[in-house]
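In what follows, subunit A forms one complex with subunit B and a second complex with subunit C.
And now, the complex of A and B:
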C-alpha cells in the first residue's frame, strides 16, 4: 500500500492510502468516539459522532479516506461542541432512560454519555412510541431504543447473508424491520443472532440473557461450537462464580467471522433434550444405579465378546483411547466416508463464484457455510444452483433450482459455470459418477457428523457385525435399535430418550460445553474445543473410564 | 426470503417481461422495477414485492425500505377499481389512446389519479399479453377486449350501476 503524508493534530504522519481517518487514528492510539461504525461491517456514517475537522470542514472519520494534504484536527472546540449536540439529539430522539433498559451497563450509547459528561437532556424528548416486537423465540426488538446505526441491517446482510433486516419510512419515523415489516418471529430470520451481537444499544436483545448479568459480571472464554463440522469459534460469556452461560457470541477473529447459526448461538442456551442423569444397569427388576467401579467391572467382563460402535460426536482423544482399549473391533455406526473427497476449503467457498448445492439445506445444517454463500448471491457476486427435491430454505435464494433426479440434464443446461464448487453430503453412486466426470468442478464435502473425519483418521470405518455384547459410544442412537436386539448392550450417551431403556447398561457422559477435546473440521483442520461448564448431573468423563479400562487390562 | 403467494394472471406476465429486460443489465434498477410494477398493478401489493424480490434477488426488507421511503409508491390500492388501459403496440395501433382519452374525460381524472368517490383509479400499462383482443383494458383482474371509446364508457357505467345497487 502506498504511503502518503498528512497532518493529524498538527503533527505530520505517514499513513497508508486507502485507510480511513478513523483507522489511522486508531493505529496512532488517538481516540475518536464512534457509534455506528463496527468493523468488519462496511462503514456508513449515519450517526455522525465520529466527526473531525479537516481544513475547516467537518467530515465523518469512519467513512473518509486519508488523502494528501489533509490537516485533520480531532478535537477542536467546534468538533467537541458538534459531537455534544449530536449525542444530545441521539438521546432525545427515542427512549433512552437507561434505568429501564436491559442493555444498561453494556450499552455503547450510554458509554458515550459518560464519556461526554452528559448530565441533562438539552431538548424535549420525542414522545412517539413504537411497538416492541417480542414475537421471536430468542430475540426482542425494541425500536424505541434504536439509534438507527444499521449495524444490525449490515450484519444480517453483509456478514450473515440472511438479508432479513432492513429499514422502513424516512427521517425520524425510520424503523428497523424484518422482511416486509412482519414480526421477526414470522419473518425469514434464521435465528443466527448476529444482530443481537452487533447492536450497540438495548434495541435488539437476547431473551435468554435478560437479568442474568452484565458483561462485567461475566468471564469470557473462547471455545468452539461442536454441533457440526464447521466448528465455529465462539466467545462465551459465563457468569463469574457460577456454572451457567449468559450468552454466546461469534468470534470475529476465526474463520466464521463472528457469524454463527441458530445451533451455535442458542442450542447450548436452550437445552431441549433431556439428559441421562446417572448410570444404571438392568436386572430382573428393571434398572438400578451403578457406580464407577461397577461400570469398569461390567465392561471388563463383557469386553471379550464385544464390538464397539461409535459415531462422529466423539473427539480425537476419546477415539484414540477407544482404539487403544478395543483395537480393531471399533466401527462407525454410520456411513462416514466421503463419496468424493474435498479439494477446497472454507476460504475457497468465500471467494468462489458459482455454487452447486446438492440435497442439503444449508440454512438448517452447516448454517455458517450457508451464510458465506447467501451473502455472495445477494451481493450479486455469486450464483447458486440447487439440486434438491425436498423442501429447501435456499430455494428462493437460488438462481436455478432443479430436482435431484435432474442432475445430469440440469448440469447440461448450465454451460457458463466458472469452476463451480459442488457442495454435498450424501451422493448416490450415479450422482458421484456424473459429478466426477467433470474436470472443471471443485468439491466441498460436508461430513455427516462433527468429527466424521476424525473417525477416518483413526481408521474407524462403517461396518455392522453381530456380537454377543455391543458397546455404543456417542449421541446418535438411531442405527442401534436393529442391531442391538439380542445382545447385551452398553450405551455411553448424554441424552435420555424413550428407546434408551431397551439397552442394558446406560452410562451418561458429558455434553456440549462440559466437554473438551479436539476434532477435525470441514477443512480437515484440528479444532481444540475448550471446556466451559461443569456437568450438573452424575455424568462420567469418557476418558477417565477408558483410561481405567487400560489400567485394569494391563494388570 | 419468503414464499410468495402469487395468483398468476396476465399482469404478472407483463411484469415478468419487464423484469426480464431489466435483468439484462448488470445491476438491474430496483426503482425502475417498482415503477413498472406499479404501472401494471396500480399499486405495490406484498405478493408483487415478493415476486420482484425473488426475480431480482433483492431482499424483501430492502424493497420495502425503498417503497416506504418514496411517497410515489403505494402499497394500498388507490381506489376500489383500478382501470388499466393497455398502451402496448397492438392496442395502441388499434386505438387504445382514444379509449384512454374518453375514460379520462368521462371520469374527469388524469392518468394516475383517483376519482373523488374513491371508486376508480386510471392507469396505463404496456401489453397484457392478450394482443388478440386489442385494444384491451383491465379493471382489477378482469380483462375487457375489442374496446371502442363508447364500449369502454358503458363498461364503466355498468360498474357504477352495480355499485349503486349494492349501496342502495
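And now, the complex of A and C:
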C-alpha cells in the first residue's frame, strides 16, 4: 500500500492510502466516538456521530478515506458541539428512555450519552408510535427504539447474505422492514439472528434474553457450536451464579465471521427435548431404577457377547474410550462415508465463484455455508446452480435450478463454470459417477452428523451385525428399532422418546451444553466444545462410565 | 452561618428519588451542619416553600395541570432548580403513556384491569387534568441542574447538593451519571 502524509490533530503522520480516517485514528490510539459503524460491515455514515474537521469542513470519519494534504482535527470545540447536537437529536427522536428498555446497560447509544455527559434533553421529545413486531418466534423488532443506523440491514445482506431486512419511507418515518413490509415472522427470515447481535440499541432483541439482565451480569464463554459439522465459533452468555444460558452470539473472530444459523443460535436453547431423567433397567414387572455400580455390573456381564453401535453425536474423547473398551466390535449405526471426499475448505467456499448445490437446503441446515454462498450471489460475484427435486428455499436465489434427475444434462448445458464447488450431502451411485468425471470440479461434503469425520478417523464403519447383546451410544435411535428386537439392548442416550421403552437398560447421558469434548469439523480441524451447564437430571458422564469399565476389566 | 433553604416536590413520580435523598443517611446531617435547611418537602409535609428558598428539588414528570402549576411555583420561589431522577429530567417511565391515547389508557387502567370489578374512571374536580403529553420539567420551566437516574444514587444527590453548598457547579460523570 502506498503511504501518504496527513496531519491529525496538528501532528504529521504517515498513513496507508485507502484507509478511512477512523481506521487511521484507531491505529494511532485516538478515540473517535461511533455508533452506526461496525467493523465487519461496510461503513455507511448514517449516524454522523463520528464527524471530524478537515480543513474547515465536517466529514464523517468512518466513510472518508485519507487523502494527501488532509489536516484532520478530531475534537475542536466545533466538532464537539456538533457531536453533542447530533446525540441530542438521536435521543429526542423516538423512544430512547433507558429505564424501560431491555438494552439498558448494553446499549451503545446509552454509552455515548454517558461519554458525552448528556444529562437532559435539550429538545422536546417527539413521540410517534411505531408498531412493535412480535410475530417472529425468536426476535422482537421495536422500531421505537431504532436509531436507523442500518447495521441490521447491512449485516443481513453483506454478512449473512439473507437480504431480508430493508428500509421503508424517508426521514423521521423511516422504518426497518422485512421483505416487502411483512411481519418478520411471515417473512423469508431464516432466524439467523445476526441482526440482534449487531443492533446497538434495544430495537432488535431476542425473546429469550429479554429482561434477563445485562451482559456484565453474565459470564462470556467462547466455544463452538455442535449442532452440525460446520462447528461455528460461538460466544455463550451464561447468567452468573446460575445454570442458565441467556443467549448465544456468533464469534466474529472465527471462521464463521459472527454468523450463526437458527440451529446454533436459537434451536440449541429453545427446543428442549424431553430428557431421560434417570437410569432404569427392565425386568418382568417393568422398569426399575439402577445405580452406577449396577450399570457397570450389567454392562460388564453382557460385554463378552455384544456389539456396540454409535452415532456421530459423540465427541472424539468418547469415541476413543469406546474403542478402547470394546475394540473392534464398535460400528456406526448410520452410513457415514462420503460419496466423494471433500477437497476444499470453508475458506475456499468464501472465495469461490461458482457453486453447485445438490439436494441440500442451505437455509435450513448448514445455514452458515448457505450465508457464505448467498452473499456472493447477491453481490453478483458468484453463481449458484441448484439440483433438487424437492422443495428448496434456495430456489429463489439460484441462478439455475434443475431437478436432481437432470444432473447430467444440466451440467452439459453449463460449460463455462469456473472450477465450481459441488456441495452435497447424499449422492446416489449414478450421481457420484457423473460428478467424478469432471476434472475441474471441487467437492465439499456435508456430513449429516456432527462428528461423522471423527467416526471415520477412529475407523468406525457402518455395519449391522446380529448379536445377543447390543449397546447403543448416541442420540439418533431411528436405526436401532429393527436390529434390537431379539437382543438385550443397552442404550446410552440423553432423550426420552416413544420407542425408548422397547429397550432393556436405559442410561441417561449428558447432552448439549452439559458435555465438553472435541470433534472434527467439515474442514477436518479439531474443534472444542466447552461445558457450560450442569445437568438438571440424574445423568451420567459417558466418559466416567467408560473409564470405570476399563478399570473393572483390567482387574 | 448563612442558611441554605432547600425545598422539594414530587410530581408524577414514584417517590424513589426522595428515598434516595433520605438514603444519604448521616450525610444529610453533615449537609445540615454545613447550613442546609430543609423547608417544604414531602418529608416535612409542608406544601408551599418560602419565597427565598435556594434550592428546589423536583422529582417526577409533569403529567397534569396541577404538576404544571407546582413546578412553575417552584421556579418562582427557588433560586436553583434541580431536576432529580429520570422522570423529572427526561420524562422517564411516565412517558410510556405518550404512546397510548389518554382515553384508552384510563379505560385500561381503571375499568379493564383483570382484577377490577365495576371500575370507574375518577372524575373528582380536585384531581389534576391529564396533559395531552407527559413532559420533562425543562419543557415547562428553566432547570439549572440535572441528576438523571432511576433513581439517582444517594451519592450523586449528595455530590450535587454539596457542590452547590460549596459554591461550585456540579458536573456529573462516571457512576453518578446513570439513566437507569
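Note that in this section the second predicted complex is superposed on the first by the 554 of 555 C-alpha atoms of A that agree within 3 Å, B and C clash if a C-alpha of one lies under 4 Å from a C-alpha of the other, contacts with A are read in each partner's own complex, and residues count from 1 in each chain.
Here, a contact is a pair of C-beta atoms (placed from the backbone, for glycine too) under 8 Å apart; a residue touches a chain by one contact, two chains touch by 3 or more.
Bear in mind the structure is a predicted one, so any value in this text is a computation, not a measurement.
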{"item": "Partners on subunit A (subunit B, subunit C) - clash or fit", "value": "fit"}
{"item": "Contacts of A:396 with subunit B and subunit C, given as first, second, both or neither", "value": "first"}
{"item": "Partner chain in contact with A:544 - subunit B first, subunit C second, else both or neither", "value": "neither"}
{"item": "Contacts of A:129 with subunit B and subunit C, given as first, second, both or neither", "value": "second"}
{"item": "Subunit B versus subunit C as contact partner of A:377, first or second or both or neither", "value": "first"}
{"item": "Which superposed partner A:121 touches (first subunit B, second subunit C, both, neither)", "value": "second"}
{"item": "Contacts of A:110 with subunit B and subunit C, given as first, second, both or neither", "value": "second"}
{"item": "Contacts of A:165 with subunit B and subunit C, given as first, second, both or neither", "value": "first"}
{"item": "Touching partner for A:97 - first (subunit B), second (subunit C), both, neither", "value": "second"}
{"item": "Subunit C versus subunit B - closest C-alpha approach in the superposed model, Å", "value": "25"}
{"item": "Of subunit C, residues touching subunit A in the complex", "value": "83, 86, 89-93, 95-96, 98-100, 133, 135-136, 138-139, 143, 146-148, 150, 171-173, 177-180"}
{"item": "Contact set on subunit A toward subunit B in their complex", "value": "153, 157, 163-170, 177-181, 187-188, 377-378, 380, 396-397, 399"}
{"item": "Sites on subunit B touched by subunit A in the complex", "value": "1-3, 27, 46, 49-50, 54, 57-65, 68-69"}
{"item": "Subunit C-facing residues of subunit A, complex", "value": "95, 97-100, 104-105, 110, 113-114, 117, 119-121, 124-125, 127, 129, 144"}
